[in-house]
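Would you mind keeping the following structure in view while I ask a few things?
For reference, chains read A, B, C, D, E and F in written order, and residue numbers begin at 1 within each chain.
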Amino acid sequence: MTTPAISRYPVPALEDLPDDVRARILAVQEKAGFVPNVFLALAHRPEEFRAFFAYHDALMEKEGGLTKAEREMIVVATSGANDCLYCIVAHGAILRIYAKNPLLADQVAVNHREADIPSRQQAMLAFALKVALRSAEIVDEDFAALRAHGFSDEDIWDIGAIAAFFALSNRMANMIGMRPNDEFYLLGRVPRNR
Amino acid sequence: MTTPAISRYPVPALEDLPDDVRARILAVQEKAGFVPNVFLALAHRPEEFRAFFAYHDALMEKEGGLTKAEREMIVVATSGANDCLYCIVAHGAILRIYAKNPLLADQVAVNHREADIPSRQQAMLAFALKVALRSAEIVDEDFAALRAHGFSDEDIWDIGAIAAFFALSNRMANMIGMRPNDEFYLLGRVPRNR
Amino acid sequence: MTTPAISRYPVPALEDLPDDVRARILAVQEKAGFVPNVFLALAHRPEEFRAFFAYHDALMEKEGGLTKAEREMIVVATSGANDCLYCIVAHGAILRIYAKNPLLADQVAVNHREADIPSRQQAMLAFALKVALRSAEIVDEDFAALRAHGFSDEDIWDIGAIAAFFALSNRMANMIGMRPNDEFYLLGRVPRNR
Amino acid sequence: MTTPAISRYPVPALEDLPDDVRARILAVQEKAGFVPNVFLALAHRPEEFRAFFAYHDALMEKEGGLTKAEREMIVVATSGANDCLYCIVAHGAILRIYAKNPLLADQVAVNHREADIPSRQQAMLAFALKVALRSAEIVDEDFAALRAHGFSDEDIWDIGAIAAFFALSNRMANMIGMRPNDEFYLLGRVPRNR
Amino acid sequence: MTTPAISRYPVPALEDLPDDVRARILAVQEKAGFVPNVFLALAHRPEEFRAFFAYHDALMEKEGGLTKAEREMIVVATSGANDCLYCIVAHGAILRIYAKNPLLADQVAVNHREADIPSRQQAMLAFALKVALRSAEIVDEDFAALRAHGFSDEDIWDIGAIAAFFALSNRMANMIGMRPNDEFYLLGRVPRNR
Amino acid sequence: MTTPAISRYPVPALEDLPDDVRARILAVQEKAGFVPNVFLALAHRPEEFRAFFAYHDALMEKEGGLTKAEREMIVVATSGANDCLYCIVAHGAILRIYAKNPLLADQVAVNHREADIPSRQQAMLAFALKVALRSAEIVDEDFAALRAHGFSDEDIWDIGAIAAFFALSNRMANMIGMRPNDEFYLLGRVPRNR
């Protein structure tokens, strides 16, 4: 049996990559124990790779009112709405780890209304899904609803911007047929993985 | 009458911005004669500003098989599908200028099937709209259809990546209520503006 | 370069038309300075032409609670929802002229929620779009909402009837590939055109 | 029990109507044995009444390649797609009578694919439904498909124009809550009614 | 003219059926005067036949807070939403008989908002249609809305379960092209049929 | 922390259930090591419970041209389309075990086009999803397409009937808020679970 392709496009060898791109990939490999395929698939275009991960980091690794688990919940919920296999599987793993909850990612990916989360996070995901699916219909009342749950305007930007960034990410992954690493499927599901 | 807000979020004063962000804004003002509101609205978050425009430039200003007018056609068509006022108006102006055609932007924004473009560009926009609206349904046959029109695989990445990037851009603009500059509405419509 | 066709169907010569149809066309040419293509394209069927413009005039040129600009806003918003290039471009021009506002037509065609209009007109357009897109869901509460904004029941009939008439008009234009006159794109955008 | 209203709007008394409108209503009453509610409901606006029925007659009573039953099939199929109770019930009755078939109207209203009609009429209804539901997607290939079934271009105009006219009619009926006469439900279903 | 097929699949002869299946069919024939085609079409698979009608009877013939006419209204409304010709025609007939109302079935099949029913039954059908079309969006508030109309939780289960069972039934009928018996079209429409 | 409810409805104690229902539940507990919540939640209505599982067994445990893994693939794909958390999680586990593949269930639930399956199974799932989502559009050509992949007409009935049965199951689960057992999330993902 042959190894399935991880992209419809050629995947560069590490040694052929610009130094900064290779360094970023080696760093994530060091931390995670493997190289998530998004790094290899997007390295086909180093300029876009740099912008993609700079944007990602600006949204996902900043300080702010949202926890890391909440940020990943937004990713998983909107990727579910966009039917993006890579992002559901990869970010589902990260969500399980951050939330220390082996069930939450599948719940959020399928139907956040049935997830074990409080109404504040339900409102957060409802807004994220509106940005993902019907952004032209956003009105001031949507902001008011989130403020009533205690979100600041900067939190709301974060929620919407993460949904918007993964609108890009989901479409890239779907277009190039990006394949999730096998490792992600199990990560965070059993005690020794957490 | 008060000046309408250009964003639901505060717009920073130029003098309060990091040097690189301010420099970018002054450069575009120098070239265009005014500062497109997307620069001011996104400068609210300098880190995201930098990543956004790095990504934009990597896709829109690179060499490649697509002309600049074709890239803008993709922006306008997918922004039309997403009902994004800012991007339709601002990139419609740029498309008129690049294509030296005062009618094309409105045609492409409303219904590319009625635009004055050859079947090759019709196929390009059909693929871009599939990435924008139904990316999970993309299959190998979609690539074959574009190759039959003479597009290389790198051209196809460009088409899809531009559609994906503006999926992000449209959602950000809709979420924050980004207002197009009045100047854009007329640009490229009359000889002296071209 | 050949002149693009204005319809998938033959366009009659003026001298071959019945007197009343030709007279109507000459009258509009006298007033507008050119013959909007809808007159020529629909003259292919004189009986339908007469009924179409009689209906149009009954709705658009009557006295009543709606201003002429408001009537055109309904046309442009619902034509936007139906992706009708002819009606967006031609009635967009008329809206700019009636409203003495060069920006309003593009705003309303793309997303009325971002248009520079008061909440009364927002409610008017929301109802028009419901008639255009989901008329079977109209309930008494929709009438109550408009009455709360000061619309009379006769005004509401006007709003809904204009949306319904352009449901017809948009479908005819899309079916026969009706091409907007080049003149419309610029009308009302610059001072000398107003 | 009170008689249900036939419209959300006042229904004029016959004696208060303009002579031509009253004459038209009395003529249809003479022929049908009762006054279809559409005549009474639309008589609230005599100018629109005249244009509506002039348009209706131009499409439904003209000579041409489509039979009267085929014209009514288009009405019933597109009214089904628009969930218009009045038009399904009233024109369903007319279709049963013209086609001398007590089953056809319900079949066509629900799902033309399951109706007892040949492939030529299936193609006719598929085009009519495209005009009704997705007219912006009509392309030259749609015309070619109908020509392959033997339809002339004038037949195709008829098909599309009837679908477009009832896009208007369905929306008016839904907006004003037009109630079908009880008589229509049974007409054409039993031998003595045919 | 040949008799139209009642299914895309072979229809067994009565004498070839297992005794219990044949007995059930003869019993319904005795009662109704003819064999509804659903019995013959599903008898192609006796095991599934038994489960189907056991489920049907458990929902439709049980005691409970919903009347028999209300149960049939749920069937007709959701079958209308699913465009299922067999179920609309056959259960429309049953609804006319149970409700002793020759108009109600067509009203409910097309648009329950225009049916002659009180707000309690409007709420019942709105919930049934949500189960039929958007069940993942059901939330506790939907239950509260029905309780406010006096429905018990067991009634609500009945409403939802009937909608869910006919989601199955409609799909089977559509898949195999199940044809309604001609008799159903007229049943319950004229006094002697009631 | 309290145990989350497994249903919006009361869950009966085993000792209060009819003997046959309790026996079925104990048998599945014996085999699986735990009682899947669908058995407890549906036992609220023993008559419906019996019909539900009789139907389930008739489709899922019969002999025939489809493998057990293929049947579960149909369940998972259509449950994905219906956003049914219970069925995706529970039948995803069963699919992993039957297919001896820890990745397949997540692939099929999100986007079968990206699953590691041959074109024959792709065609099977495309038909199942058409039954699930657009059954009124099924035409003879859909059958021809499956026959071209070697499916018999009885196989096609199986595919469609499973999709139809889970249209019921998904709606029931969504309506009552059926919660998947925690055990299912991990089953079949690690060697010792297979």
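Quick note on the criterion: a contact is a pair of C-beta atoms (placed from the backbone, for glycine too) under 8 Å apart; a residue touches a chain by one contact, two chains touch by 3 or more.
Since we're looking at a predicted model, the values are computed, not measured.
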| item | value |
| --- | --- |
| Common touching chains of subunit F and subunit B | A, D |
| Superposition of subunit A upon subunit C: rotation angle, C-alpha, nearest 5 degrees | 120 |
| Whole-Å separation of chain centres (CA-atom averages), subunit D against subunit E | 28 |
| Where subunit A and subunit B are represented by their mean Cα positions, the distance between them in whole Å | 24 |
| Shared-contact residues (touching 2 or more other chains) in subunit A | 83-84, 111, 136, 174, 177 |
| Arrangement of touching chains [line / ring / star / complete / other] | other |
| Listing of all chain pairs that touch each other, if any do | A-B, A-C, A-E, A-F, B-C, B-D, B-F, C-D, C-E, D-E, D-F, E-F |
| Partner subunit F, residues of subunit D touching it in the complex | 111, 113 |
| Touching residues on subunit B, where the partner in the complex is subunit C | 4, 80, 83-85, 88-89, 102-103, 106-107, 109-111, 114, 116, 174, 177, 179, 182, 185-186, 189-190 |
| Residues on subunit E engaged by subunit A in the complex (per definition of touch) | 136-139 |
| Of subunit F, residues touching subunit E in the complex | 8-9, 44-45, 47-48, 50-52, 54-55, 58-59, 62, 82-84, 131-132, 135-136, 138, 140, 143, 153, 157, 160-161, 163-165, 167-172, 174-177 |
